[in-house]
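Encoded as structure tokens, here's the structure I'll be asking about.
The first chain written gets the first letter, and so on, giving A, B, C, D, E, F, G and H; residue counts start at 1 in each chain.
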Amino acid sequence: MDTYTILKQLLTQIQNGSLDVEQGLEKLRDFPVMDIGHTRIDMHRSLRNGFPEVVYGEGKTPQQVGEIFQRMEDQASVLATRVSSEMAEYVQTICPEAEYNALGRTLIRVRDEIRPLEGEVAIVTAGTSDLPVAEEARVTCGMLGTRATIVSDVGVAGIHRLLDRLADLRKARVIIVVAGMEGALASVIGGLVSQPIIAVPTSVGYGASLSGFTALMGMLTSCASGVSVVNIDNGFGAACAAWKIINLMQAWG
Amino acid sequence: MDTYTILKQLLTQIQNGSLDVEQGLEKLRDFPVMDIGHTRIDMHRSLRNGFPEVVYGEGKTPQQVGEIFQRMEDQASVLATRVSSEMAEYVQTICPEAEYNALGRTLIRVRDEIRPLEGEVAIVTAGTSDLPVAEEARVTCGMLGTRATIVSDVGVAGIHRLLDRLADLRKARVIIVVAGMEGALASVIGGLVSQPIIAVPTSVGYGASLSGFTALMGMLTSCASGVSVVNIDNGFGAACAAWKIINLMQAWG
Amino acid sequence: MDTYTILKQLLTQIQNGSLDVEQGLEKLRDFPVMDIGHTRIDMHRSLRNGFPEVVYGEGKTPQQVGEIFQRMEDQASVLATRVSSEMAEYVQTICPEAEYNALGRTLIRVRDEIRPLEGEVAIVTAGTSDLPVAEEARVTCGMLGTRATIVSDVGVAGIHRLLDRLADLRKARVIIVVAGMEGALASVIGGLVSQPIIAVPTSVGYGASLSGFTALMGMLTSCASGVSVVNIDNGFGAACAAWKIINLMQAWG
Amino acid sequence: MDTYTILKQLLTQIQNGSLDVEQGLEKLRDFPVMDIGHTRIDMHRSLRNGFPEVVYGEGKTPQQVGEIFQRMEDQASVLATRVSSEMAEYVQTICPEAEYNALGRTLIRVRDEIRPLEGEVAIVTAGTSDLPVAEEARVTCGMLGTRATIVSDVGVAGIHRLLDRLADLRKARVIIVVAGMEGALASVIGGLVSQPIIAVPTSVGYGASLSGFTALMGMLTSCASGVSVVNIDNGFGAACAAWKIINLMQAWG
Amino acid sequence: MDTYTILKQLLTQIQNGSLDVEQGLEKLRDFPVMDIGHTRIDMHRSLRNGFPEVVYGEGKTPQQVGEIFQRMEDQASVLATRVSSEMAEYVQTICPEAEYNALGRTLIRVRDEIRPLEGEVAIVTAGTSDLPVAEEARVTCGMLGTRATIVSDVGVAGIHRLLDRLADLRKARVIIVVAGMEGALASVIGGLVSQPIIAVPTSVGYGASLSGFTALMGMLTSCASGVSVVNIDNGFGAACAAWKIINLMQAWG
Amino acid sequence: MDTYTILKQLLTQIQNGSLDVEQGLEKLRDFPVMDIGHTRIDMHRSLRNGFPEVVYGEGKTPQQVGEIFQRMEDQASVLATRVSSEMAEYVQTICPEAEYNALGRTLIRVRDEIRPLEGEVAIVTAGTSDLPVAEEARVTCGMLGTRATIVSDVGVAGIHRLLDRLADLRKARVIIVVAGMEGALASVIGGLVSQPIIAVPTSVGYGASLSGFTALMGMLTSCASGVSVVNIDNGFGAACAAWKIINLMQAWG
Amino acid sequence: MDTYTILKQLLTQIQNGSLDVEQGLEKLRDFPVMDIGHTRIDMHRSLRNGFPEVVYGEGKTPQQVGEIFQRMEDQASVLATRVSSEMAEYVQTICPEAEYNALGRTLIRVRDEIRPLEGEVAIVTAGTSDLPVAEEARVTCGMLGTRATIVSDVGVAGIHRLLDRLADLRKARVIIVVAGMEGALASVIGGLVSQPIIAVPTSVGYGASLSGFTALMGMLTSCASGVSVVNIDNGFGAACAAWKIINLMQAWG
Amino acid sequence: MDTYTILKQLLTQIQNGSLDVEQGLEKLRDFPVMDIGHTRIDMHRSLRNGFPEVVYGEGKTPQQVGEIFQRMEDQASVLATRVSSEMAEYVQTICPEAEYNALGRTLIRVRDEIRPLEGEVAIVTAGTSDLPVAEEARVTCGMLGTRATIVSDVGVAGIHRLLDRLADLRKARVIIVVAGMEGALASVIGGLVSQPIIAVPTSVGYGASLSGFTALMGMLTSCASGVSVVNIDNGFGAACAAWKIINLMQAWG
């Protein structure tokens, strides 16, 4: 039931006397907020249609995460990211149906079937060390109803490996590029395909890789052709950005 | 004529003897390159359908930019960014139909009518000092056939101004957020709407604004909800990223 | 007329039929925003009671600043900061009563008499090169109705000069400390007096002073005793923070 | 007995011969220092009126902290910050009445009743991960006789949650804003209320959050409206700065 | 068989009808890629002539590294770098002939005899703490068929030790300089000898050594005389760069 | 006359009595120094065989540079780098045969014919803005007797342009890669060819390009395959490093 | 007349009635300050014995500097640093006997003969571009009565030039090392001589020289042998530090 | 036997025929190096007169450090810095007379009585957390024959504590200032005394203290008065620098 309908009901109740002015004021006191909440959280609301509550596991205790899984039991699917194996084991004692993905460090519990969206996301990685971030993106896409395939180990130092996989990339609607080191893969793919590209720098590397900042800065400096970038190691965020595009096509397409 | 057709013709000519093996080899010697060029520049190719040649004006001399405008005269529209008024004046002596946008520092010459795409881009700015970057994005959108409207001066320090304009933002398919200082506007809008958001940090501010890096880092740290980011002051890049999404909807929608 | 009263009127009009439901909805559609605007700009509103419109001059053209002074002529006092002498001269051709402060680089036009607040602010500078920032703070305080005195050149390299002026500092309610180099003055004063201290790092110095970042970081690391810090060279911001404290005392004292 | 009186006595004793010149010189030799000590520690002295000795726990051994608690037993209340649970357990074996706050990582022992000051501090946090820093601030406020309430989890990505709590914020005299990531909450609240705001950046986040520096820089760049900032994670310092303002109102109000 | 020959065969088969156009197209569809793969991996191919597969051990599990050693058993020599002693022990349970170098943290398994190249590499270290990086370079050189000798502990603070070893340095064809701290050794050697110099900054030092960045920047600023630099602690990369030069001399000499 | 001959003469003179012991000691007192000078500057000496004196123009006055050209008139060729057109004009009034290269900002005067070395250097640039640095490298190579060809505008955003030029790159003995932005070109070429690669980051770009540091760091993080790097914009240094390799091949080949 | 004597006089005057208690208090009111000033400025005072008032010219107007020269006319010698030629010319119109040193950018006016101290300072520079900083140090030494000689252009890239000058360095009591780029000269000299070394990093260089920070950090990381460092380009500060050592020897020797 | 005597013997042997020219050349071939070694290590040699071998413990194994202590048993005293308690315990099993200082983390073994130098060093610390670095400096001074006293906990936040100790500071010949946070103590003491000051920044603090860099930069920016600085936490280096000054006074005084 949308805001307009609720407001109309309320005013009609005032008009026909089934609600007096004081009661109306009482309801309206919270209404702007509810309304704001209502209209402003449409993404959130839509997320509730089978979409997950999201928990950032890092810095939380296993107990805290376990509690969230329990509390959400009857309400929504849950996606927890940055979950250590110890945390996962603990949560599974409370919520046995939670599934742990050791590579992506995600823990999920699906409550209702997720409504699939049309259109695929390709997640490309430069090296095998970038796989955990790619996997976090893949799992997140899955929880958002978006099919995603990982095309791995096609870094620029062996450009032919990338060229071999171009046909696969061209089939996707959105491409997530996950790369550490100098992050050059985003530039190269950006010059080869016309789809929207979300680049994720990873903290893979040492010394001059600056824990991912060299990749981050490198990806940002090659944005001219329309590559946009998310935070270092932020596979989850890239998946959200990709989903927003996929979702937009359903809504307006 | 696409690659497949060209190759088929070539092989058929070999088969029917209208081309001998040596001639075929000669043609094929350049073909993989052409082919690679051909298939890899599909975005470029599509850009040629009335889309502009792009010139980054900074660091070039007025003469160099003038020469590009002249050379492109019969071939394509041209969009030059980061053009000083001196440079614009010079180029206009050579190419009088070039139009200068002093705010956005762009210089354009439209050769053929630009085919309009469906779906609007909203460009939101935090303060009036962010306008030049927003204008660069708006002009770029225009050259790519995409309608774009600037919603200006809705920075977070006066949040009510932003809330007043929410309805406008909700009508757009993609939102470009242009903000300097701490770049908080991207986070706030990211929490209010569900569309894809491209954030552009600007170099507005001093001291701790670090010439735009504080905004850049701030925007990157709030990407969880699917905001993605381009380089500092890169209005052009944001417009390209937005256009890629709009264009995707035409192609697949 | 406050929000509660307006809402009550509206509902009563619905109840007694002087407004039908559709009209009520129409009014309510904009109401949350108006309401939000209304309740959220109380600080802004209070600022309008004789308080200045503020213009950040850097990056604006003399024409733009001149236009703001003209537009505000009948409405509010104006305080422009970071104004070059060229800009000031231009604005004064348009608005002759504008007063330029060359040291503080401020340009003001006072429209109504400013209501003075009780309680003084002391602005302490480490060296003579910090004076422009201190002067910007002093002028800003003045425009906000707050008396402010500059105690200059009492840097820590000659600690006795500071000790000589302690009695003066103890008379102030809030102390603004303006210092470049290593910014040690904030720590030293923080150990000597009990009033709230707002520290302003300045970009005075070279090499390891890092354009003010050494002072900024130095001031932040000595905050244990309750020193708080504003941006580099931000005399205006320090004055605002000081005024908020002085103003609080009037409101609640 | 103040400096003036002491000096007058001394000179009178010289004048009337009850002290000879050599004795006078001997007394004067230490006098400037004593005097300086005396007049300079008034804040310290006032702190002793039931106010705590403060111990920074990090980098100290449990034994060292335990010794301080023991030594202060008959003299003053003690507030230890950054105390691990192991350290707390050890100190409690020596000083059983010490109370540990696991969230805020504080350990306190109150010796005399703390004289309450009038006026409340609101401590606002962006996310649940900012709570430890907020709790450190809350406990510190308590030890300084200042009531403080935490308003948690009102980050800018869900702006409606903040708007719901505005009334609570407006009741406070000083607002402490605790936020990591991009630190935008300080800007937003700074635009909504007129009270003094002390912003505390936290080290919550990863990659581009730069261990709290993005929040720190972001908060500093939005100081125009009078927000001032303390060091990263420095809940204690923010509480001291807030207390200085509250205390000022008692002294001068 | 090279690309030209393959293409000629194909076209001849089309010409003489042993392949029809559709079959030719099918083969050509993959051809550019194969071709690209073929011509682009000549370095890789040459590496396979008794040269090692390289594994970067850091961030991998012992199991993953063990698996690579097993998989490569019948195919190529293996060089693993950044291998902890625990990892080495595990891999040796699977592949007992793997040899661990605890100082250089390398693990190697040589399958075929390595064809030795003519010309020696001198690896010079500033201090004993730089030895692990030098040893990684030495082992890598060995796996690439290049003799390398370490000249250790000739840092610039005792310049005479370096001068004593000059004759040894002059015998080498390429010199790798491994130094932490301020990295001055590269400058000094660069002024004394005429051979190509590859400088490797190390993360030895503390505080202002910035984990190797001071050495890195120092080495880069003295490149005027033809010193070139690789990443911090990258002994492997320096050895590769040195080998490329040695190898070039075999190929063209 | 080399050191050995000089020492032998001296000792023979002592032996045959044409020099007494005291005279011999006197001569030997300065000899180690001369000797050190002599043996240590063999590269310098070799440079004198028709090789240039090098002048870094930046920060020098036209007068200073002019004086060096004059002083070297009868002694050696001169290569001045970072020469503005004003400086060049001035020097040419003194030394009319000096040739200015406006693109590379070099000024040269060749005294003797330069002995050509065998083997070519390819200088690859990512974009046209990298040309000045490439030109500095090309001119320097020329002054060192090394042929160098510029392969321009083959940046990774249009990878096919690079693939078209691979054959040219394979003919060179050493490849200098000049690239700004993210510097990815070095990684890509490093994966395609087996020759030694010297990478030169350029300060082309803005914002996240960090005046060339993003390219520098990016190039350093991809060194695993043997790419080595020189300072930002240091075309001269890259040419020296390349010449050292070419020269080595003449000396040992 | 020292503090003790003044105090004794004052107390004696009180004792003998030539001063009453109120008058004594009045005099004492300022006395602790004077006394503090007196005892704390002994270095300052000693500086006045023919030693200069110091003016940092940068950021001051010619008028301001001229005024200081005028005001000091009858009181003390003046040393102004960072003086442009325009500033010097202006000051010389007011104070014709002021002597400008264009290389060191110093302007001095000597009032009384400077008492020479025993012991020489050697100022060593790496390259000719470091000369301005060295010259600032030399002039400052001269104004402090300390002989200083510049040993120029002995950078580590040609180590033999340094070794030739060792005897000269060994004659000095304190050595100031002025070097940009990687700052290695300080390390090398620190290993060759036993005197105190003050290192001055200079902003000479580009790119990775980071405006002097690479030299600064390099000099700091090689401090083990007792090198200490002053700010970038701070020739004046190095001279002060050297003078303090020379002066100490006069005072205690 | 010094260089002169050796050379004279050699030449005399040539002259009198007891050595032929070839033999003389053979001996001379190594001589410059020996000579260089001989004359260049005078500081080292002088250090051997009862002075310690120095070992940097960090990054070494207990076994390595134990071996050095054993090897030096009959040759020299040993000073090891950055020694953990575990390392100390191990070394003491091998070398029982080694004395561990847990606070300063030093391990020493004195072989011969250390010849005391005249003149004291004062080591001043800002807070108790700076004590380990101060203690390292104190122990190092002791091993170099220099008396050193620690004046602790006189940080600038309680300036009166420092003023109370001024007399003690004035007795010292050299002052080492050890301070973390903003490092302001060096500036303050530099303004109060005239002796040479060596400042040691410490890594005490968090957030904006940047692991000691804020203190380092702060100390460098206040060098005008002749403060010089060593690396972060480098108590050993400060003691060496202080000793060089004290030693200079013995040598030349």
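Here is the rule we use: a residue touches a chain if its C-beta (ideal position, glycine included) is under 8 Å from a C-beta of that chain, and two chains touch if they have at least 3 such contacts.
Every value quoted in this text rests on a predicted model; they were computed, and no experiment measured them.
K.L.:
Could you run down the chains that neighbour chain B and chain H together?
P.N.:
Touching chain B as well as chain H, we find C, D, E, F.
K.L.:
Give me the chains shared as neighbours by chain D and chain E.
P.N.:
Touches both chain D and chain E: A, B, G, H.
K.L.:
Compute the rotation angle for the C-alpha superposition of chain D onto chain H, expressed as a multiple of 5 degrees.
P.N.:
About 90 degrees, rounded to the nearest 5.
K.L.:
Could you state the distance in Å from the CA-based centre of chain A to that of chain C?
P.N.:
41
K.L.:
Just the number, please: Cα centre separation of chain C and chain D in whole Å.
P.N.:
Centre-to-centre distance between chain C and chain D: 25 Å.
K.L.:
Quick check on chain C: which residues sit in contact with 2+ other chains?
P.N.:
36, 40, 56, 158-159, 163, 191-192, 207-209, 216, 220-221, 224-225, 231-232, 234
K.L.:
Output every touching chain pair, sorted by label.
P.N.:
The set of touching chain pairs is A-B, A-C, A-D, A-E, A-F, B-C, B-D, B-E, B-F, C-D, C-G, C-H, D-G, D-H, E-F, E-G, E-H, F-G, F-H, G-H.
K.L.:
What residues of chain B sit close enough to touch chain E in their complex?
P.N.:
4, 7-8, 11-12, 14-15, 17, 20-21, 24-25, 28, 32, 35-36
K.L.:
For chain C, which residues count as touching chain B in their complex?
P.N.:
Touch residues, chain C against chain B: 33, 36-37, 40-41, 44, 56, 58-60, 201, 203, 211-212, 216, 231-234.
K.L.:
For the complex, which residues does chain H have touching chain G?
P.N.:
That would be residues 36, 39-40, 42-43, 46, 54, 56, 119, 166, 173-174, 191-198, 216, 220-221, 223-232, 234, 236-238, 240-241, 243-245, 247-249, 252-253 of chain H.
K.L.:
Please give the residue numbers of chain C that touch chain G in the complex, ascending.
P.N.:
The touching residues are 129, 158-160, 163-164, 204, 206-209.
K.L.:
What residues of chain H sit close enough to touch chain C in their complex?
P.N.:
For chain H paired with chain C, touching residues are 156-159, 181-184, 187-188, 190-192, 205, 207-210, 213-222, 224-225.
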